[in-house]
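Across the two complexes that follow, chain A remains constant while its partner is chain B and subsequently chain C.
What follows is the complex of A and B.
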């Protein structure tokens, strides 16, 4: 399969006067065309930072090393002009709060036209309207939305508008940063279903950033689990969520109740996130890990292969890899 | 069942005036009302956990606030041990506050930022005269913190709220509520602000509270899987009214009201293999401004008929304490109903 994006040894460090916070540390992953990758992690795990770095939307003064190859270009080093050419056309993002992503003083029509004309300055209103109607239909919105202001719509409608706008220029890679978190259960369920449905007709690749494992379970085929800025485990959703290898993923899984299955006791992961401004020897999860050994505190585990397409950064998986 | 209930909610209603911006009205024209809670009747036993689920704006938080009397109901009453809380509050507010406690959603807003945890926790003890002197009270706090897994207690006590994590603060919030040994606790979305890995601690703490301290607990949440995990019984709310009530497993596994069905079918599950029926409900959640006269859910319901728009349906008894407020529950058309549960 064709790889659309490959991230190699990405480090993102936020710098301010007093300290350096290493928000993303040595993350490598690749996404194939047509995949839907869910990046899960708790708050502070660096999942949003990773996405912002890929889109080059991070604050000034942030140090980024490593590479992110997208269509033969390194997203991290190309010029701002080149990046602007990629935005919307090849890469698009949907944020958590569509209410804040849209301008409150312009009609949806105006906002869609503006974005369309960034890349096609000579496009006629009729042409844009036609494309917009197509997209609004795709996200199950009535055509009248085109002439509304954001305050005239509900949160679910706004989020749908944001998704429609992100699709305006047929992007190849779509990033959803907690795009459905702020919505109600029913609306979230519907939008997630629409996203999956939509992808059957459009050949987009999707990255879904969320803290909710159940969102990943219903809408993605691959998953990457992040903790404290590092990648803990990745693989197919069906493998990772049913037979997690990494103790952190196992812990996460035990802290989610099943909707209809049998009730098992919920367990939490004791301890706290480590201070990301301090360098970490060994495994970042070791202080909270029930299986940690001395080696875990002194030596950082590499990514061991688990199964056919998965991997877990844990010494426990070392033997497993050799065994296969 | 109603006779030995510890907490009894009787026809609780809360209407707010709707601010529609009109200054002048035609004579006789009534101000529109927002019916946040519109006739809720429930009963809760000691040691029972009642889960309340629903979308945002369905009135579940208002219900919580009414139960602790942070808001006065428009009509209806809450009885604890057969005594009206309205009277209890008038006669002996201290006693009432001691019996009913609430845990809020946002642990960062619950505590004064200017006081240490020790000072914050001493206050309720002093107010209710628990413990002889400060020494004894400090000992109570120390024990409670350690029992709640906050160790070392001395260290925690000397800290300010901003120095603690959300999970720790929420545990302190629960500990504070427990101090007074209340019989009735309301937890309003206690874990929605917390990270997944610490959520389970709080949930298990609440479970322990209800089981071992024999308290009645109302757990308000929009997280259906979590509510099912913690609750004995679940009430599903829609626009201020209970549309379905029953044991947690029964309501989630065998939902009868079309709204509950839609809610559960749209709830994402962690199990990638779980199959769900696909039910889409039309439109956006409406506002509770003068809804009715028919079933409030009818405009979005996939099996609504003419009759649904005429009259608000009566609750239908489905056996084993499972109720659904829908006129279509027993209709032959849906094919999923059990004919033996015919309406009396």
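What follows is the complex of A and C.
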């Protein structure tokens, strides 16, 4: 299958006067056309940083190394002009807080027109309106929304508007940065179902950044698990969620309730995230890992292959790979 | 919108009435009385006192005094000054213009300059020039206005001999036409500069912090992600959202200026309402004092109503009903 985005050895470091926080370290992953990749991890795992770096929306003074190939171009090194040509036409994003995703003092119509005209300056209002109506229908919103102000809508409606806006120019790659996190479970479920439904007709590739395993389980076919800025495990959702190889993924899985399985006590992973401003020797998860050995503290585990298309950065998987 | 404006005007009138009553009671309950000032400290003739009290109506019960004053004030008659024996209306209207010139010019300059500086520094947050201006703005904010006025006077009038230290125009020259306007402008520089320096830091800081805050909002990141040029994002989206607190600030500082101008007028002998107020307080000149307070009261309320309406026009989240 055709690869649409491939990230190789990406490092993102936030530089501040006194500290250097290595928020994303040596992350490599690729996503194929038509895939939906869920990036999961707890707060501070670097998942949003990764997305912002790919979109080049990181704060000033952030150091980024590595490459992110998208349509034969390295997103991290192309000029601002080239990047702007890709923005929204090929690469769109839906952000975390639906309530703040739109300017509170401008009507939806005004904002959609402005965003549309960034790439098609001569587009007429009627033309934009037509496209907007199409999209509002797609996200199950009534046409009257077009003339409203953001405060006149609910969070769920705003989130739908934000999704509609992201689809304005048929982007190839769509990034959802915790897009449904702020919504209640019922609305979130509805919107997630709509997203999956929508994709049957659109040929978009989607990256879903979330801390919620269930979001990944319902809307993605691939998953990447991040911890403390590093990639722990990746693979098909069905494989990773049913047979996690990495102790961190296993821990994450045990901390979410199961819908179908037996009643069991939920467990949390003991300990805290390590300080990302200090260099780390060995596996970053070792201090919290129940299976950690001496080797884990001194040697960083490489990504071992697990199954057909998966991988896990854990010494426990070394034998497995050799066994096959 | 119409309903909102009418309701706002109605509540404004109510505010004026309440403040009017409170002023009346406060002035009356303050120690000292105007009759003593008129008679002189040494004299204490009961016949003269009774005659004067009769003349000024001060022998009537308090509520009668209040009602007759209220009735006259509504008709637009603020009475006669006890000290100067002149119509309070005339005395105020003679001086109102001077205060308006000083207050309005200071307000406009400090608003424009403060906002411009706020925008300038917000776009260079953390730079050397930003740190310098921020520090200076805290310093000027902490200075008493009369002290700053005196310092500027010492520097620009006494030492450098560049600007006049007092008055509104050169009394001896008797200029007319454009020459007169320039002369007034020349005299205006120092008192206006003092007021601008004092009030500007407020606009500066509120504009800067408001722009920085809006810049970090998610919708600005969304706009950037769409590839919208920075200039357009700033001019249309950041500015429009960041200007809201500045408008509120403008309304509040007009109220401050109306009262704060008095002090500066006294320092620079500016022939506005400030000096009139001071003498009226010292002489217990009830009608003049009440008249000045009423003018201040009404102007603050009017400005507040205008601010509210402008705000409602700028921010769709304000509901009209």
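One rule holds in what follows: the second predicted complex is superposed on the first by the 323 of 324 C-alpha atoms of A that agree within 3 Å, B and C clash if a C-alpha of one lies under 4 Å from a C-alpha of the other, contacts with A are read in each partner's own complex, and residues count from 1 in each chain.
In this text, contacts are C-beta pairs under 8 Å (C-beta built on N, C-alpha and C of every residue); 3 or more make two chains touch, one makes a residue touch a chain.
The model shown is predicted, which means the values in this text are computed figures rather than measured ones.
The superposed arrangement places chain B and chain C next to each other on chain A without a clash.
In the superposition on chain A, A:55 makes contact with chain C only, while chain B stays out of contact range. When both complexes are overlaid on chain A, the residue A:156 reaches chain B alone and has no touch with chain C. For the combined arrangement built by superposing the two complexes, chain A sits at the apex of an angle of 70 degrees to chain B and chain C, based on C-alpha centres and given in steps of 10.
Within the superposed three-chain model, A:10 lies out of touch with both chain B and chain C [touch as defined at top]. Counting the residues of chain A that each partner touches, chain B and chain C differ, and the larger count belongs to B. Within the superposed three-chain model, A:224 lies out of touch with both chain B and chain C [touch as defined at top]. Look at A:75: by the touch rule set out above, it reaches neither chain B nor chain C. In the superposition on chain A, contact of A:251 is made with chain B only, not with chain C.
In the superposition on chain A, A:106 contacts chain C only, with no contact to chain B. Once chain A of one complex is fitted onto chain A of the other, the partner contacts of A:119 are limited to chain C, with no touch recorded for chain B. Superposed on chain A, the gap between chain B and chain C at their nearest CA atoms measures out to 7 angstrom in whole units.
Shared interface residues of chain A, touching chain B in one complex and chain C in the other, do not exist.
Chain A makes touch with chain C in their complex at residues 55, 57, 83-89, 92-93, 95-97, 100-107, 114-115, 118-119, 149, 151, 162, 165.
Partner chain A is touched in their complex by these residues of chain C: 217-219, 221-229, 232, 236-237, 240-241, 244, 314-317. Across the interface of their complex, chain B is touched by residues 42-43, 154, 156-157, 184-190, 192-193, 211-215, 217-219, 237-238, 241-242, 251-261, 263, 265-269, 272 of chain A. Within the complex, the chain B residues that touch chain A are 55-56, 165, 195-201, 203-204, 222, 224-226, 228-229, 252-253, 262-274, 278, 280-281, 284-285.
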